[in-house]
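The next block holds one structure in the form of C-alpha cells; read it before the comments.
Just so it is clear, A, B, C and D label the chains in written order, and each chain counts residues from 1 on its own.
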Amino acid sequence: MNPNLTEQMLTWRRDFHQYPEVGWTEFRTASIIAHELSQLGFQVQVGNEVLSESRMGVPSEEQLAFYYEKAKSTGGYLEYMEKMVGGYTGVVGTIKGKKSGPTIAFRFDMDALEIEESPESSHIPQQYGFRSQYEGNMHACGHDAHCAIGLGLATVLANNTDHIEGTIKIIFQPAEEGVRGAKSMVDAGVVDGVDYFLAMHVGAGSPLGTVLAGTNGFLATTKINAKFTGKAAHAGAEPEKGKNALLAAASAILGLHAIPHHSGGASRINVGTCIAGDGRNIVPAHASLQLETRGENSDVHMYVHEQALAVLEGASNMYGTELSYEIVGAAKTCSSSEKLIELVAKAARSVQGVEEIIPSSKFAAGSEDATYMMDQVQKQGGHATYAVFGTTLAAGHHHEKFDIDEAVLSIALSTWLETIEQVYQNEGGQF
Amino acid sequence: MNPNLTEQMLTWRRDFHQYPEVGWTEFRTASIIAHELSQLGFQVQVGNEVLSESRMGVPSEEQLAFYYEKAKSTGGYLEYMEKMVGGYTGVVGTIKGKKSGPTIAFRFDMDALEIEESPESSHIPQQYGFRSQYEGNMHACGHDAHCAIGLGLATVLANNTDHIEGTIKIIFQPAEEGVRGAKSMVDAGVVDGVDYFLAMHVGAGSPLGTVLAGTNGFLATTKINAKFTGKAAHAGAEPEKGKNALLAAASAILGLHAIPHHSGGASRINVGTCIAGDGRNIVPAHASLQLETRGENSDVHMYVHEQALAVLEGASNMYGTELSYEIVGAAKTCSSSEKLIELVAKAARSVQGVEEIIPSSKFAAGSEDATYMMDQVQKQGGHATYAVFGTTLAAGHHHEKFDIDEAVLSIALSTWLETIEQVYQNEGGQF
Amino acid sequence: MNPNLTEQMLTWRRDFHQYPEVGWTEFRTASIIAHELSQLGFQVQVGNEVLSESRMGVPSEEQLAFYYEKAKSTGGYLEYMEKMVGGYTGVVGTIKGKKSGPTIAFRFDMDALEIEESPESSHIPQQYGFRSQYEGNMHACGHDAHCAIGLGLATVLANNTDHIEGTIKIIFQPAEEGVRGAKSMVDAGVVDGVDYFLAMHVGAGSPLGTVLAGTNGFLATTKINAKFTGKAAHAGAEPEKGKNALLAAASAILGLHAIPHHSGGASRINVGTCIAGDGRNIVPAHASLQLETRGENSDVHMYVHEQALAVLEGASNMYGTELSYEIVGAAKTCSSSEKLIELVAKAARSVQGVEEIIPSSKFAAGSEDATYMMDQVQKQGGHATYAVFGTTLAAGHHHEKFDIDEAVLSIALSTWLETIEQVYQNEGGQF
Amino acid sequence: MNPNLTEQMLTWRRDFHQYPEVGWTEFRTASIIAHELSQLGFQVQVGNEVLSESRMGVPSEEQLAFYYEKAKSTGGYLEYMEKMVGGYTGVVGTIKGKKSGPTIAFRFDMDALEIEESPESSHIPQQYGFRSQYEGNMHACGHDAHCAIGLGLATVLANNTDHIEGTIKIIFQPAEEGVRGAKSMVDAGVVDGVDYFLAMHVGAGSPLGTVLAGTNGFLATTKINAKFTGKAAHAGAEPEKGKNALLAAASAILGLHAIPHHSGGASRINVGTCIAGDGRNIVPAHASLQLETRGENSDVHMYVHEQALAVLEGASNMYGTELSYEIVGAAKTCSSSEKLIELVAKAARSVQGVEEIIPSSKFAAGSEDATYMMDQVQKQGGHATYAVFGTTLAAGHHHEKFDIDEAVLSIALSTWLETIEQVYQNEGGQF
C-alpha cells in the first residue's frame, strides 16, 4: 500500500469523525465525497439521481435545515449540497475501463449516531484531537472508516484506469442506522445491472487481522413508529370525556410482545420506547411507540409484522383512539453468494496483516439494509457478499468510547483491490 | 285475612317451591297460574300474546324441552303449556269492574335459580317436606311467595268484582333473574294503558313487619355474553397457525375493568366468568365471558356499555379472532312515583303486622327489570312503585338455606288490597 | 378601599406575574413578601421555621439553583433568600393586637406553572407589558393575585393594629400546584393554635361579583412518581438478557386503571404520563410513570392508594424489575366549617361589587392541599373555610391566555377585612 | 414372525383398545400385563417398586377409585391391582440369561386419552367390534399397540432364554400423556444399570414401512396448573370487597405470552385453558390456568420456566390473590445415541416390510418423557434411542378416528428382536 494513501485515508477518517452527521443529514460528508470523486475523474451522481421517494425515517425539516447550515460552515461543497436539500444525501461514483467487463459495485455507509462522544483523555479521538465537534453526535459504529476506505478505493482506481474492465461503481449510502437508506437507493436503480456487489463493515466482533468473506443470518426487520392519538380530559373532573391513548399503548405493548412464536424460525419483537401523556392529572391524549419486528426469514418476518399491525390497530380501537404509524426502516434476510465469498477469501489471502479468513458467519448485529442491495443483485443473477474486516475495538459499537484500530483501513482497501482482480480472473480477465 | 286464603297461599307457595323452574322454563308454574286465573274468571293471556321476540337469555332448546317434559309429569296444564312452547312462559290475567276506573297492574315474577337446595334437616323446606324436587334448582329468592301472593290477590278480586272500578291486570313475569323477561312483556304491550303499576319483592334486607312503599337507586344494567372464536393449533408444533382467543379475552378483561369512571355517577363493570380453551397444548380457539355493566343513570350506563363493546371488538381484532356477543339481560334506572309511594304507605298503615313503613329506599340488589315496566308506565303518564315487604330470612337471598317467614304473604296481600282502595280514593272512587 | 392600596395591589400582582416561580423555587416572590411584611412591622418567619422535612415533589438541585440565581438578579432579597436555600420558600407573617382574642390565619399560595404564556397582543399581560419574563413559566392560576391580596391585607392590618384582637397570621405557602407544600407547613406547626382559618382562590369557575363562602367535596389525592428499573439488552441479539421495564409499566397501567370501583364513593385513578426506554432495538431498562389517585373520602382514597401500590409492586415482580416510587403530592378531603361559612357570607354582604353569595359549593378542580391546614385546624376545635372569589377569566385556569379581572383584588381584600370583624363579633368583640 | 404371535398381538391390542385407561388409572392394562409377564416367567415389579413419589399430575381420588372399580369388573387382576392402589400403575418385567452380558431395557407406554371415540361404522374399531367401552376415553395415540408389542417381545424372549445374554427389562410406563410418568420411574431406579435403552412410538407422521432409528429435537417442557384464589364479592354492591382472581389471570396470561424470545434456541409457551368465576355478578374468586412451557434446550427451557413462575407470582400480587401451582408434567431435551441409532438401523434392514430407514429425525410431537429415561441412561454411560415405526393412520394422533395399520406390530417386534442381536454383536456376543 502506498504510504501516502494510507496517510490520506487516516486524514479522511479523522476529518469525518469530527463532523458526525446522522442519517439523511450527511450534507458535509456526502458533498466532500462527491467533490473528491469528481476531482478523481469519476462520474458523480447525487441527490434524487440516486435516491427515490422511498426514503424511510427522514428527520424533521428543522433538523435537516440545522445540519445543512452546519455543513455550510464546516467545509461542505455547496455545489453538491444544493442537490441534497431535504436530505437526499446519497452519492454514487462510476468509472469505466476501456476494456469491456462486469459491473462491480462497492457500498459504504456514511451516517453517524446520536451518542455523546467520551471527552476522556484516554479516548484516542480526544487525545489526538479529532473528537466529534458536533456535540451529541458520534461516529460510534465506524462509518467514518468506511467512507475513508471508499475514497481510498476510488483513488487507486482513478490512478489505474487502464486496468479496469467494465464498470466500477462506488456507492455511498446515507442512513444505514435504523436501516433507512438502502431501499431508496435500490428503488432509484443504483444497483441495476451490477454483477458483483461488495458491502462491508469494520469490527463487528472480529479482531484486527480477521476477515469474514461473507455473512449470513441477517434478520429481516421493520422499524415502526406508532402513535395513538386520543383525547385529553381532566382526570379528576371528567375522566369520561377522555380517550386514553396510554391505555391503548399499554394493551398494544403487551399484545405485541405476546405475538406467538413461529415454528418456521426465530423471530423478535421489541417496543423500545414509549412516550405518553402531558401531565399527571390529564387523561393521556397521545402515546408514541418505537418498535421493531424481526424474523429469520421472510415468512416468519411477514407473519410478525402483520400480527403487529393488527395488534396496534385493535388496541387503538379498544379505547377509541386514532392510530397512525410509519415504517421508518426495513431490511431483508439475505445470504452472501458462495462464489463471491470464495473470491473475497482468496483475495484476502494475499493481503498483509490478514491472519485468519472465515468464509462466512452469522451477522452479529441482527439486521443491515445492505441486504436490499444484495437481494436485488442476486435476483438479477449477480453475486453479492457482505464482508467484515476485523479491527480491535476500544469499546463496543454504539459505545461512547468506541474506537477502531486504523490499521484496518489498509487491510480493507487491499482486500477490495485484490477482490477486483479475483473477479476479473473469474470472468476470464486480469486487473 | 280469610284464614282459608292464608292457608291456600301457603299451599301454593310450598307447591311452587318444590318445582323451581329457571327463567323461560316456568311451564308448570305459569300453566298452573293460568289455569287458576281462568277458573277464577279472569281473562287469561299467555305465550306470545304477552311476550314479544325481544326475550333475552333464553336457554337452549334442550333445556327448554327438558323442563317442558318435567312439567308434563308434575302437574302442568297442557292446555296452556302448548302456547308456551319455546319458553313463552308469561301469564297475564285481567279482570274488569262494572264501574269505570283506572287500570291498575300488579307484577309478580315466577322464576327460580340454579342453586342446590340445602338437604339439612334444620332447613324448614326440608323439615316440612317441601324441599325442591328439581335437583340443582331452588326458589332461593322468594319468587314462589310472589306467585302465591299474586294468586291470593286474584282470588280476592274474583270474589269481589262488584268493587272493582276500571281494570285490574295481574302480570306474572318469567325470567327476572338475569333481568331477562320484563322488556319482552313491555314490548308486547302488557303495560300499555296502565295507570298504576305495582311491583314488589319480599325480604331484600328488611325484617318482617317492615314495608318499603317505594324503591329508587335501581342501577341500569346490561348482561352480556361475549365469545371470542379463534383457531386452534398445536402450541408446540405450529403456534403461528393459531388465533388465540384467550389472549383476546385477557386483553378485553383488563380493558373492560379499566373503562374510566364517569363524573356523572357511579358505574360498575364485572367480567364474572371466563371459560376458554380445549387443552394445555392447544392454542385456545374459544373464550367465553359473562359480564355485566351498570350505571347510576342512563348516561353513565350507556357510556360504560358502549365502551365495553368497543373494548371487546378491539381486543378481538388484536388477535384476529371473531367476536360474537349477545345481550342476555337488561334493566333500567328508575324511581318510584311519589304519589304512589304515598298511597302504598297509607295502605300499609292499616295492615296488621306492619310495624315500620319506610317511604322509599335504595334498592340493595342493584338491578331489577321491573324497571322496564315502571319506566313505560311513567312515560305514559301513569304512576309506578316497587315495594318491598320485609320478611325475616333464614339465610340471604341466593343462599342454599334461603327461607322466608311466610307471615309476609298475608301482609303483602293485605297491603295490595288496601292500595287498590287508596288508588280509588285518589281517583275519587271507592273500592 | 383606599385607592392607593388598590393601585398597590395591582402593582404587586403584575410584578409577581412577570417573575413566575414554580413550586419550591419562589425565592424572589417569597423574599419580597418577607421584606414587605417586615417593613410593615410583622414578625416574619421563613425557611425551615415554617417548613418541615415533609416537603413533597421538590425539584432537582439544578433547578433550585437556577431559580435562586434568577431571583438574585430580579429583585429577590438575599437576607431572606439565604434562609430559603434548597427550596424552603415559605413565609409566615404574624401580628398581634393589644387586646386578647382569637388567632386568625389567612393562607395564600405563591407558585406558578410550567406553561408558556401567550405572546399574542390581545393577551392583556402582553398588551400592558407585564407578561412573564421567565420563558416557559406562567402565573396561569392566579396565585400572583393571591400574593397581592395577602400583602394588601397585611398593609391594612399594619395600619390598624389598635383594632386587632388576639393574633393574625398571614401564611404564604409554596408549591400548591401538585399539592406539595401544605403538609410540610402543617408539620412545622404553622397552624397550631389557629382558631379561624381562611383560605381562598380567585376564579375557579365563578364570575366577578360572586363569592363562595365555603367549599366542600375536595377529593383526597396522592400524586405518585413510579419508576421501574430493569436491564437493557440488545433486543435482536440477546432479548433474554433484558429485564423489560416497559412490559412492567404496561401491566401496571392496565392494572391501575382496573382497580375496582368502591361502593363508598367516587374514586379516580390516572396514569398521566409514561416515559420509557432508550432506543427501538434495546429492551427498555426504565419506565417512569406519573400517576394520581383520588377518593371522595378517606376510606375510598386509602383503598385506591393501597391497591395502586400493590399493582405497581406486583407488575414489577412479574418482569423482574425494581420498583421505586415517591409520593410527590397529597391532599385531603375536607369540608368548610358551617360557622365560618356563615361569617364569611355575612362579611361579603357588605362588600361593594359582590352580587351573589353562595354558601358552599363543590370544589371544581378536584383537590387542594389547603385541606391539610383546614383539617388540622378543625381537629384542634377551630373553624376553617375555603372561599372562592369569582373573577371573569380571559381563558380557563392553566391556559396560556389565562387572565383575571383585577377588580377581584379589592373584593377579596374587603371581604377578608370584614370577615375579621365578623369573627370578633362572633367572639364577642369588635374590630 | 410366528403367525400365532402376530395373531396374539392383534388380540392384545384390540383388547386394550376396548378398555382405554387414562394416566395413573391403568389398573386393568397394567395388571393384565403383570399377569402375562409373570406367566411367561419374568420377574415382575409393580406399584411403588417401580414408581417413586415424584409422580406428576395424578388424578383425584374419586377418579382413581372409579377406574379401579371398572378394572375389577373388566378383567383386571386383583393380585397386582392391590399393589397399584392410588395409581401406582407401572410394571417392569425382568428376565436374565445364563450368559453374562449387557442390560437392555425396552420402554412401552400404556395410557389412553380423554377423547370420545368415533362411533361411525367406517371407523375400523367400530366396524370390527373393538371400539372403546369406556365412553369418553380412547386409545387415540397407539399406546394399545405399544403394550401389545411389549407383550409380544416378552413372549419371544421367554421362549428363547438360552439366547439371552445379561439382562433384559421391559418397562411398561403409565401416564405418558402429559409427560407425567417417566420421571417417577427413573427416580425409582428403573433404568439404573441399563446399558442399552430403547423406546418407541408407532405412527408419528411416518407411513407403514418406514423406520426412524432415532429421534432428536425433543423439546424440554413443563406442564403447570396454576390457580389464583381471590375473594368473591357482589360486583354491584361491594366491588371493593373482592379480590379479583380473573384480573390476576388476565395479567398473567398476557405476561406469560410476552416472555421474551431466547437467543439460545426456540421456546414456546401456551396457556391452553382458563376457567374462572362463579357468576356474572360476582367478583371472580378463582381462576385456574393450564399452561406449558417448552424450550429447545435446558437453558432456554429453564429461562422460560422461571420467567413464567415470576409472571404468575407477580400477577397474583397485583390483585392481592393467592397463587398456588403444581408441576403436573415434565420432559427433557435429549438426542438419540449415535451408536444405538446405527444398531437399530442395521436391525431394521433385515425386517420384512421395512421399506425405508431414516437414521434420525426431529420429534414431531414436541415433547416425550421417555427423555428422562434416555438422559439417565446416557448419563450412566449407556446408549439410548427413540425409534419410530411408521404406520399409515386413518386419522391423526388424538383424533376421534385415529387408527393404525396393525401390520406395524410385527415390524416393530421384529426390529426389536433383531436389535437385541445387533447389541450382542456390538458387545461381542451373539443372540
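In this section, contacts are C-beta pairs under 8 Å (C-beta built on N, C-alpha and C of every residue); 3 or more make two chains touch, one makes a residue touch a chain.
Nothing here was measured: the structure is a model prediction, and the numbers come from that model.
S.K.: Tell me which has more C-beta contacts between its two chains, A-B or B-D.
M.R.: The greater number of contacts lies at B-D.
S.K.: What is the chain whose Cα centroid lies farthest from the Cα centroid of chain D?
M.R.: C
S.K.: Once you find the CA centre of chain B and the CA centre of chain D, what distance in Å lies between them?
M.R.: Computed from C-alpha means, the inter-chain centre distance equals 52 Å.
S.K.: Hey, how far is the Cα centre of chain A from the one of chain B, in Å?
M.R.: Whole-Å distance between the two chain centres: 69.
S.K.: Going by the contact rule already set, what residues in chain A reach two or more other chains?
M.R.: Within chain A, the residues that touch at least two other chains are 237, 239, 244, 247, 251, 254-255, 257-258, 260-261, 268, 283.
S.K.: Once bound in the complex, which stretches of chain B touch chain C?
M.R.: 254-255, 257-258, 260-261, 266-268
S.K.: Under the stated contact criterion, what part of chain B meets chain A in this complex?
M.R.: These residues of chain B touch chain A: 237-240, 242, 244, 247, 251-252, 254-255, 258, 260-264, 283, 303, 307, 310-311, 313-320.
S.K.: Which part of chain D faces chain B closely enough to touch in the complex?
M.R.: Going by the criterion above, the answer is residues 178, 219, 221, 223, 234-237, 239, 244, 246-247, 249-251, 253-254, 257, 268, 270-284, 287, 290-292, 294, 364-367.
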